[in-house]
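Shared between the two complexes below is subunit A, which has subunit B as its partner in the first and subunit C in the second.
On to the complex of A and B.
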């Protein structure tokens, strides 16, 4: 079991290193030069040279890479080209919002998705089941920005139920601040959950249907256990495993979705920071953001792996 | 069994929620994420009105000596005063400087400052601040102002209100360029900041403009407070006490926010396609503002075929600017002839005739210039050019298609490469194009424009024609040292006519910008041309009144 955990951990570190390296070189493969974007119009060659050396872009690329890795190992993410402040500070001011949005979407998807999948499987062919199947396929095809704009127009602009953009009203204090936080969170959260929920419920339903046909379920039933007990105790445990793995994998998509959601809903977060930094070719910020996201996704997968190890004794050997 | 799953699930859910609450909750509006001046939290209610402006992006850089992005400039121009400002007619008018004079045939430029500008920490704004700002920009080669100070040999502080720039040679628009572009910073603060090329200036702002930055919540909002000592505010002080820039990266969301009343003014111009729908909203007023730049096709003179004047003239004849303005800009633009925009009325060559839209005429011009269609496919054999443009500019990508189709009628094949913005900028910088389809942002005076765009030495790096023409160089250099205003105007007009005849570029249009705001809440903006200045200059905001 320890060996299993150790190999997972090693794999996680390797994944992060690959992500860091690919990001580093990918950015430098872009055809544009970040110094050109600082001054639009009049820029003397001397100015450009000064900026290149200030950014450390005048050194050979391999040397830049080694320097960067050295920094990273010490936990230093570097300084933003444009904002001249440490990247870690920028990320820390934005990360909580992304965690709040993606995290609550994650939890809500589980809370709603599991019962939905279970009810669909149990009442196979029934109304709930057909609903889940239809919704599962439709929501898989939804494009977040379009959903977002639709929600904004209907619930924000036309009905006026929700504010348009931003994460909180700065003039609120105490409980009112929390209420304002939730009020602003509602639409972006809803659009993320809408997109995630369908595929999740559908997967769970399929697993559940399969598990419900297994012999041990039949035998549990024949022992006279209640339907409720059979479904929620015996079947769900096995059905939820693959669904849990799926959720771990989908966390990456969820964060990717948060980038678009944050942009359309004007919600502050790492996603928007990435969006803006791409336009400015602010390499240190982009590298830092991708490192943090890679670590988050890898950690989430590590946790899912370890969780399934606990849940499924067969993996332990 | 069930207990185990339940526990795991409940525990992980609880952990996530707890993490989220601690991460965000504990600093809810308590100033944890803000950088703010002590004692003036953004939440305090005050007597004056709050005007909320939509901006598209966060502040990239708070250092006014460096920052050049349009959206940063909105905030920093309000905070840090300039010597001159641009009024609604594109004229330079006094701001911090009362006036400027020249000595020694224009080789000394003297600014005379007002004595009633005060930094928000109570220190008066003096000539020392101006001299310090200019010297720092030259020492560290900062921003686009460094190029405007090229001629300065030394700076002399004559007294508290007088500062003289000694130039290596006279340069006619020196005072206008420096006066408008250079944001003055407080010497007593910035001289303590060390290396100014590394100075982030991201908290505790001390300004002297109409509105001074007070707090910043990255990703969300930037709050400015009215400077009660701002001398150009109306009597009794500005009605708007607080200006809040709220970030909306998506312009469609920003439009919804305006309609919904979440913001009062869009800092960004309304896209042509959205104007009609906003005009129908009774709460929303729309103001039209002219541009200080223009859209153009610029020809790479290093290309062997484009170096031929007849080819460039023929290309100018396949561009139907009237219909482009009518259809693509929905009428919100002006035609122009020659490289100088009509807003600079003093320099406008009214006798210059635009090239007529005449593809058939273009074809015969090319035939008489010796171009042939050997394979008989209707296209001239040698005339194939690549047009690069920035795909994020929706108007220009449409222009590209229209021009390509009419060029084909004249037998010229244009291949379009409308590409991602950063790649586009990089290619234009490197001269990697045949024809550049783009839009100049802001030229505050024609002399600077002609110098930057046509001198062979390419001092500003924006000679996108890559033209090396000794005759044009001589004309530009001669005009630059002309001190007599009338002779100066004549020389500029001469260059305008020369460039037009050479057809170095085909001007497409001067776009009018439409700015939308809540007319049911505010009125009295005093806009300046361009989307850099627009409705949101400190001066304009200080004139705004609240509607009851």
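On to the complex of A and C.
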């Protein structure tokens, strides 16, 4: 068990290291000279030189790399070109919103996807099954901004049921603030879940169909256990584990979806920050956002893996 | 979204290898989903090739601002008076081109790595780890960063999407290649003195080729979505139209709520194209599966 946990931890560190290294060399290899991007307009060669040494760009590339890693470990992601505040501060103020959106989408997908996949697998060939298969393929083909815009137009502007834009009404306090929070979260969350749910339910259905054909299920049935008990106690556990791990692998896509959703709904998370930074060509923010999101995804993935380890008797021993 | 339906991975290619090509094609078109998806794909190809010749580029500024769909403007006009139908038609070319070329790049890299990992035991851990690492990273933010640094253009989009979309392909091809590599006829080829390159290219590759075809379609579908996403975030080629850019324009000009036609039609185009490519891939896979063939 410890060995498994250690190997997962090692994998997580390796992934973060690769993400960070790729970012560093991309930034140095691509033609864009950071000093030319800081401010537009004329710069004397001396100023440019001063700036280069300030950023450590006059040192050999390996030394720069070590310097960069050292700064990252200390949580230094550089300074935003446009807003002139530390990138780390900027990202940390936005990250909770992205975590809230992506985290609730993750949980909701699991909560709705599992029963959906189970019912489809148990009643194979039936109405629910056909529905799940159709939905699985269709929602795989949905473009998140399209879904988000549709929901925003119908339920936000036309029906006026939900607010459009922002994450909370700043004037609310206490319980009303939580209500406002959920109210603002509903549409972005729904558009994200709608796209995630289909393929997830479909995968769970496939796993469940396979598990239901196993010998130990037949044996459980022959012992006279009820269908409900066989399905929910015996089969589900073995079908959910691979599905949970798959969901962990899907976290990267989920975060990408959150970036797009936040953009449509002007939800103040990291994704919306990326959209704003793209328009202003704020490279340090884009770089920092990728590093922070990568670390988030890898850590969440690690948690999912450790969780399935606890649930899985075969790995636990 | 990249969770491919699981039934795509369980197929063993060898069973269908002896099937005549004619019968396989008949199987593919025997279901409505077969000819319907190919028909829609064909329609998009025709639009991409012929459309820009017959429809004027939506560059000029018109006086008909924010018109709803009419006989003059089939898909209405945007806030600058540009015809949305023309934008969608011109966008088809970019979306198809990025989807197709990026998919081919990803397929080449993915197949090569997948087959190498399946046959060469020493390479397997390296390739598997690299694939897992790539799969677990948030690709969209990485694509945004690279595109922003390289400068947005059609070439950048193709390269970035192509170079970052291979891990899914590698995973599928490797899993299938492992099954093939364990078959006795591979040992036979090795005994006859065939080298690794020859075995991979002459023996394993033909066996997994059907899966490669499926992957071309599925990867192209993902690439179209990725291109639309990058363009929607403002990372598209500023000098050419794409479906994502139409949505971005609506978002920027704040006409999302009022001008439904500006977002609906490009959205439908994306949905139709991606759905057609996905269904064609699934149908191709099913039509070769002895269990579901002829259904």
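Keep in mind that, in the parts below, the second predicted complex is superposed on the first by the 270 of 317 C-alpha atoms of A that agree within 3 Å, B and C clash if a C-alpha of one lies under 4 Å from a C-alpha of the other, contacts with A are read in each partner's own complex, and residues count from 1 in each chain.
We take it that a residue touches a chain if its C-beta (ideal position, glycine included) is under 8 Å from a C-beta of that chain, and two chains touch if they have at least 3 such contacts.
All values reported here derive from a predicted model rather than from experimental measurement.
J.: State whether A:253 touches subunit B only (first), subunit C only (second), both chains, or neither.
T.: second
J.: Could you look at A:281 and tell me whether it touches subunit B, subunit C, both or neither (first, second, both, neither)?
T.: A:281: touches subunit B and subunit C.
J.: Now for A:76: first (subunit B), second (subunit C), both, or neither, which partner does it touch?
T.: After superposition on chain A, A:76 lies in contact with neither partner.
J.: Between subunit B (first) and subunit C (second), which does A:139 come into contact with in this model arrangement: first, second, both, or neither?
T.: second
J.: On the A-aligned overlay, A:177 touches which partner chain: subunit B = first, subunit C = second, or both, or neither?
T.: A:177: touches subunit B, not subunit C.
J.: In the superposed arrangement, does A:149 touch subunit B (first), subunit C (second), both or neither?
T.: In the superposition, A:149 touches subunit B and subunit C alike.
J.: Who does A:27 touch here: subunit B (first), subunit C (second), both, or neither?
T.: After superposition on chain A, A:27 lies in contact with subunit C alone.
J.: Taking the superposition as given, does A:93 touch the first partner, subunit B, the second, subunit C, both, or neither?
T.: Only subunit B; A:93 stays clear of subunit C.
J.: Of the partners subunit B and subunit C, which touch A:207 in the superposed model: first, second, both, neither?
T.: It touches subunit C, and subunit B stays clear.
J.: Could you pull out which residues of subunit A sit against subunit B in one structure and against subunit C in the other?
T.: Touching subunit B and subunit C on subunit A: residues 30-32, 149, 152-153, 156-157, 164, 263-264, 275, 279, 281.
J.: Flag every residue of subunit A that touches subunit C in the complex, lowest number first.
T.: Against subunit C, the touching part of subunit A is residues 11, 14-15, 18-19, 22-23, 26-27, 30-32, 136-146, 149-150, 152-153, 156-158, 164, 195-196, 199-200, 202-203, 206-207, 246, 248-253, 255-257, 259-260, 263-264, 274-275, 278-279, 281, 283, 286-287, 289-290, 293-294, 297-298, 301.
J.: Could you list, by residue number, the parts of subunit C that touch subunit A in their complex?
T.: 1-7, 129, 132-133, 135-142, 144-146, 148-151, 221, 225, 228-229, 232-235, 244, 247, 250-251, 256-257, 260, 263-264, 267, 270-271, 274-275, 278-279, 282
J.: Please output the residues of subunit A touching subunit B within their complex, sorted ascending.
T.: 30-33, 36-48, 50, 54, 82-85, 90, 93-97, 99-100, 103-104, 106-107, 110-111, 149, 152-153, 156-157, 160, 163-168, 170-173, 177-178, 181, 232-233, 236-237, 240, 263-266, 268-269, 272-273, 275-276, 279-281, 303, 307, 310-311
J.: List the residues on subunit B that touch subunit A in their complex, please.
T.: 1-2, 4-5, 8-9, 12-13, 16-17, 19-20, 23-25, 28-29, 33, 42-43, 45, 57-63, 66, 68, 140-141, 143-144, 146-148, 197-200, 202, 217-221, 246-250, 252-254, 256-257, 259-260, 262, 421-423, 425-427, 429, 441, 452, 459-462
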